[in-house]
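This structure is in structure tokens; I'll ask about it shortly.
Chain nomenclature is as follows: A, B, C and D, assigned in order of appearance, with residue numbering initiated at 1 for each chain independently.
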Amino acid sequence: MGKQRLGFLSDFVEAITRRKRGGEAETLQALARPASERARVACTVLMGRIGDAARVAVAEQALSAYAELDAEQRLAFFRSMRDDHGVDPQAIREAYAAWDKAPDAAAVADLFRVVEPARQTLLRRLNLAPGATLQLVRMRQDLLAAMRADPGLAPIDQDFAHLLASWFNRGFLTMRRIDWNAPAAILEKLIEYESVHRMEGWGDLKRRLAENDRRLYAFFHPATGDEPLIFVEVALTQGMPDAIGPILTAPEAKLPEPADTAVFYSINNSLAGLKGVSFGNFLIKQVVAVLKAELPELKTFVTLSPVPGFAAWLAAQTDAPATELRTALAGDWPSNPGAVE
Amino acid sequence: MGKQRLGFLSDFVEAITRRKRGGEAETLQALARPASERARVACTVLMGRIGDAARVAVAEQALSAYAELDAEQRLAFFRSMRDDHGVDPQAIREAYAAWDKAPDAAAVADLFRVVEPARQTLLRRLNLAPGATLQLVRMRQDLLAAMRADPGLAPIDQDFAHLLASWFNRGFLTMRRIDWNAPAAILEKLIEYESVHRMEGWGDLKRRLAENDRRLYAFFHPATGDEPLIFVEVALTQGMPDAIGPILTAPEAKLPEPADTAVFYSINNSLAGLKGVSFGNFLIKQVVAVLKAELPELKTFVTLSPVPGFAAWLAAQTDAPATELRTALAGDWPSNPGAVE
Amino acid sequence: MGKQRLGFLSDFVEAITRRKRGGEAETLQALARPASERARVACTVLMGRIGDAARVAVAEQALSAYAELDAEQRLAFFRSMRDDHGVDPQAIREAYAAWDKAPDAAAVADLFRVVEPARQTLLRRLNLAPGATLQLVRMRQDLLAAMRADPGLAPIDQDFAHLLASWFNRGFLTMRRIDWNAPAAILEKLIEYESVHRMEGWGDLKRRLAENDRRLYAFFHPATGDEPLIFVEVALTQGMPDAIGPILTAPEAKLPEPADTAVFYSINNSLAGLKGVSFGNFLIKQVVAVLKAELPELKTFVTLSPVPGFAAWLAAQTDAPATELRTALAGDWPSNPGAVE
Amino acid sequence: MGKQRLGFLSDFVEAITRRKRGGEAETLQALARPASERARVACTVLMGRIGDAARVAVAEQALSAYAELDAEQRLAFFRSMRDDHGVDPQAIREAYAAWDKAPDAAAVADLFRVVEPARQTLLRRLNLAPGATLQLVRMRQDLLAAMRADPGLAPIDQDFAHLLASWFNRGFLTMRRIDWNAPAAILEKLIEYESVHRMEGWGDLKRRLAENDRRLYAFFHPATGDEPLIFVEVALTQGMPDAIGPILTAPEAKLPEPADTAVFYSINNSLAGLKGVSFGNFLIKQVVAVLKAELPELKTFVTLSPVPGFAAWLAAQTDAPATELRTALAGDWPSNPGAVE
């Protein structure tokens, strides 16, 4: 970067972290650059030597500039992310040589440090901004799209996948039952995200939340607030149903009859940007545990395998929750429900 | 591991994930092994090929077995963590050779994968258990103690430090004001953790939370619940006090007089296991922002530098929050409070 | 009441407050009486000498029996309420005579005690049951309907009105802003209760809750939970609109432009059983206060008087909130908005 | 009231409901009158023909003026409350005559209306102010003290008692378990209000809230917020203790052993101003129900009757909760615990 660029950088930091006395004009000029430039520069600044607190403001700037980019500009952004925030080859060579000579744990740690792409630090720093986690998940969704145009972006995705798997560790998730008392803003998302058995609207949704014979559970993450990451829909029935139709259309059971069967008839991931992060098994197992404790009369936990819609869809899926559901349901349940723990 | 050991392993998984039909005796035998063995074995199982949901139970078992260890046994546990869950040297050599030949981002990603010690995966899997995050923070506190006996454990600490910095990213923290309406269980911890200006008891604490002229803010993390990670104490005064004494002993200001000065007179980290994870600057900056918005009459934000207790303590500290406070206060504040953002 | 009746009574109390040892048959018999009889008897028991805690169970029984009555049976129930739980004429005569002789405050208090119909005590005791308050409000709604068939029931209504006005005192109400994060169970009621400008469905409702330029506030009572007692809808506009049409159909304002006008375009009472209890003025005044504090740019607070729909409806109404709104709006606002406090 | 007085009144309303243009001086003059005069006048204004919303401001004024009165002035205030806000004798005579002629329910209702002292309306209107309910409870506490000096104030107390019994109806109360996670502001009150077995401080309190073997439950009212109205303390033991000493001093049971006995060892009313309003029985019965559901191993529910402290105290008490506890415990429990419902 030439001298002029550096001058712009410092103006930029100045501009977005505090109001300059007497330099209003330059400040405005810095912030008036095109979004694609601001996004890239903010990332560079973020990796430089600025105070922790200034980083929050720079990260916000980077994300809001990114939000203005179109598909073409995002492609360029991701490429610069790959090329500008990678590794230092010379440092790798040296650390490898040291490890090769004395391959102990300390040498591994040194090697690990230089092999980790700077991008991972960049993503962690972008995450400093309020609300950043959800924006980063959406950024990864954009990346997955961009990879179709440029498969060479795949390495960045490994950084995203690595970080998101760590951040969305099951230990950080909370499970909530969603019923008709949930905020409309959450319910609206369920209607939008349900893709196994689509809902026709609010009436349909209300049916699927009916206290007497339906349940819906979702995982949430504290940093993504009211965004349901994955949700599973359960029907409580007497005996095993042999088709999905009645489950979707039957009126609510009048009395809370002691159902003996829990039918898992739909499971949906909400955020494409969390592809590969595995939630499904955890959710299903916890729902089984909760239902058993709450409704001791439940004896059988099944999915509706022979049914066209779901089973066909399930068989065709390759993403995580579907695979998990197949595994989970194939294994323990129908044959040996009592053993499910 | 010999065949017998493998048999024990499968009994163990069986034992802690489901009740075996007709094998009650073996199950009890597996769970009756000494805690040090159970802890190690559970970690091995956790890294093997078992279902996601079984992992939750195994992680719980590992952590509860770990909790029973004494200092000597913990030393052994950490050594096995270092030696059994490291890297595969052959895989490193191959990935390095591939990268050396074609040093692109994809080759870096492959190298990264094999250089990351298996311990990091182990820690992420231990974190699956309910309440695990706080237990892992305490495990690291034990590790820091163990490192005094065996400095060769340092590489494990780098894994802990790396993961905890990622998990306790500022984007995941929430700031809360603590006042007299906070749960006693939290307040009790403040009395325990305050080490800059000790509190004599509940009366002393209540004084420091007085609505009219005191504030206390803390960062919390969703996964560690009501554990205040770091907290800062502020006095609202008229004019700049020249000693800490009055701040600690003065009775509550009668009327909420429009204070013009906010004195940051104490900042404390609570969890030794989060050493090196930097919170202080973020907390101070956010408190400044909140106070400015709530009390526009505040013009000056200072610490009590020339005062024996705090300044001496601050100067002597080498850990993160103290350094941050020194930096934060040295920089913007006393000389130019209006510019703090 | 003959001896047989008394026997039934004690069985009844026995039946609904504890399980009788060895008298299962009689207990079931008592509970098997027709609902109309159970409702009346439970009221009698409630006024007798039983323990406080037993009263909770008897009150529940009375209300659940009442809930089974049809219109005809309710008429009979109200008549017995009027005739069986009135006053003791002889006691009135004596207290009056005493007061007439020495008309001091103590004599008034004695007279008051005997003039208050026993019904008021009955209603207070019915209120002991969980969730009773809302059921009593609905009972009064039934009463208002029954009075059309039998105007002689009016005196009971005075007891209801007296008690409900006391219980739903403004000091016990809390105002909440309702937005898209409110529970669907509440929002659904708004769609149902809105009668000034009907909503077509959830899309329509969401428009009326839009953050940028709409507000909806409601009063709630702790004992009736999520039941909005009254709600008012406000549009934030630039300049005074001259028709209701655009307010109902305009898309959400893109940016939160600094609106200068708050248009109160609809106000609705939800519970017919609270007829005569006045909420409207309190709600409107508090909304004005909240909006002024939150949005200082608001200068004008108006209703849409010359508009067909609302003004015509308002003029035609005789119930409390409409009258209040007329008064409130007629007085302070359009001519002299700055003076509204 | 002469003309001058009326002028003052209207200034007063003006002063406290809105800022007068160009009459600042008169306004300040009105508000500068002595508190005793302001309190009385505000009550008069409150009973006059002003808008609903203005009443909120006038009620606030009345209560804040009242709060400034000393004991002597309060005596005068209560006398004027008795004498200025009573009944209209002529109206009583007429309504009585009408009823005497045709003693139907409608005539009773008319008579009731004129016999109810205006004070009750006054108290209901004072309750319009935010936070008024607790202030009225404290006002009644003052009244009980004043009645010792002037027994002629007793009739007012009947109005207070009548209204408070209606407002603090059990249907409006919520029971909460208080543990160590409760706000310090609530816990502090328990230490203050406990008078059966005094607590020495926070350590003592913490012991009484210990999860393993102690319970504390309280009733709260929505309008008095975090004020515990009454609370009961329970020890969970194995076998029936024969003295209070061990209960107060024993360390926490190590493991949550399945206790078989619940010992109710203390019950306290918090607010003297709620004298005569009966809570104790309701609280005890509900605690018994909650404990039975939560801890099915509990078989015996007792108090410590033969113990000096509590039993002696209980026997000596004449107020409501003590009497209730005596009754409740005498009746169902020790002899036949299984029957308690």
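Rule of thumb we're sticking to: contacts are C-beta pairs under 8 Å (C-beta built on N, C-alpha and C of every residue); 3 or more make two chains touch, one makes a residue touch a chain.
Not measured: the values here are computed from a predicted model.
K.L.:
Using Cα averages as centroids, what's the distance between chain C and chain D in whole Å?
P.N.:
Here the centre of chain D sits 24 Å away from the centre of chain C.
K.L.:
If you average the CA atoms of chain A and of chain D, how many Å lie between those two points?
P.N.:
Averaging C-alpha atoms per chain gives centres 52 Å apart.
K.L.:
Between chain A and chain C, what is the gap in Å from one C-alpha centre to the other?
P.N.:
Distance between chain centres, rounded to whole Å: 46 Å.
K.L.:
Using the touch rule from the top of the page, what residues of chain B touch 2 or more other chains?
P.N.:
none
K.L.:
Based on which chains touch which, is the overall arrangement a line, ring, star, complete graph, or other?
P.N.:
The chain contacts form a single closed ring, each chain touching exactly two others.
K.L.:
When you check every pair of chains, which ones turn out to touch?
P.N.:
Here the touching pairs of chains are A-B, A-C, B-D, C-D.
K.L.:
Could you please specify the touching residues of chain B with respect to chain A in the complex?
P.N.:
Counting only chain B, the residues touching chain A are 17-19, 51-53, 56-57, 82-83, 86-87, 89, 92-93, 96, 99-100, 103-106, 108-109, 111-113, 115-117, 124, 127-130, 132-133, 152, 154-156, 158-159, 163, 165-167, 169-172, 174, 222-223, 278, 281-282, 284-285, 324, 327-328, 331, 339, 341.
K.L.:
For chain B, which residues are in contact with chain D within the complex?
P.N.:
Residue list for chain B touching chain D: 180-185, 187-188, 201-202, 206, 226.
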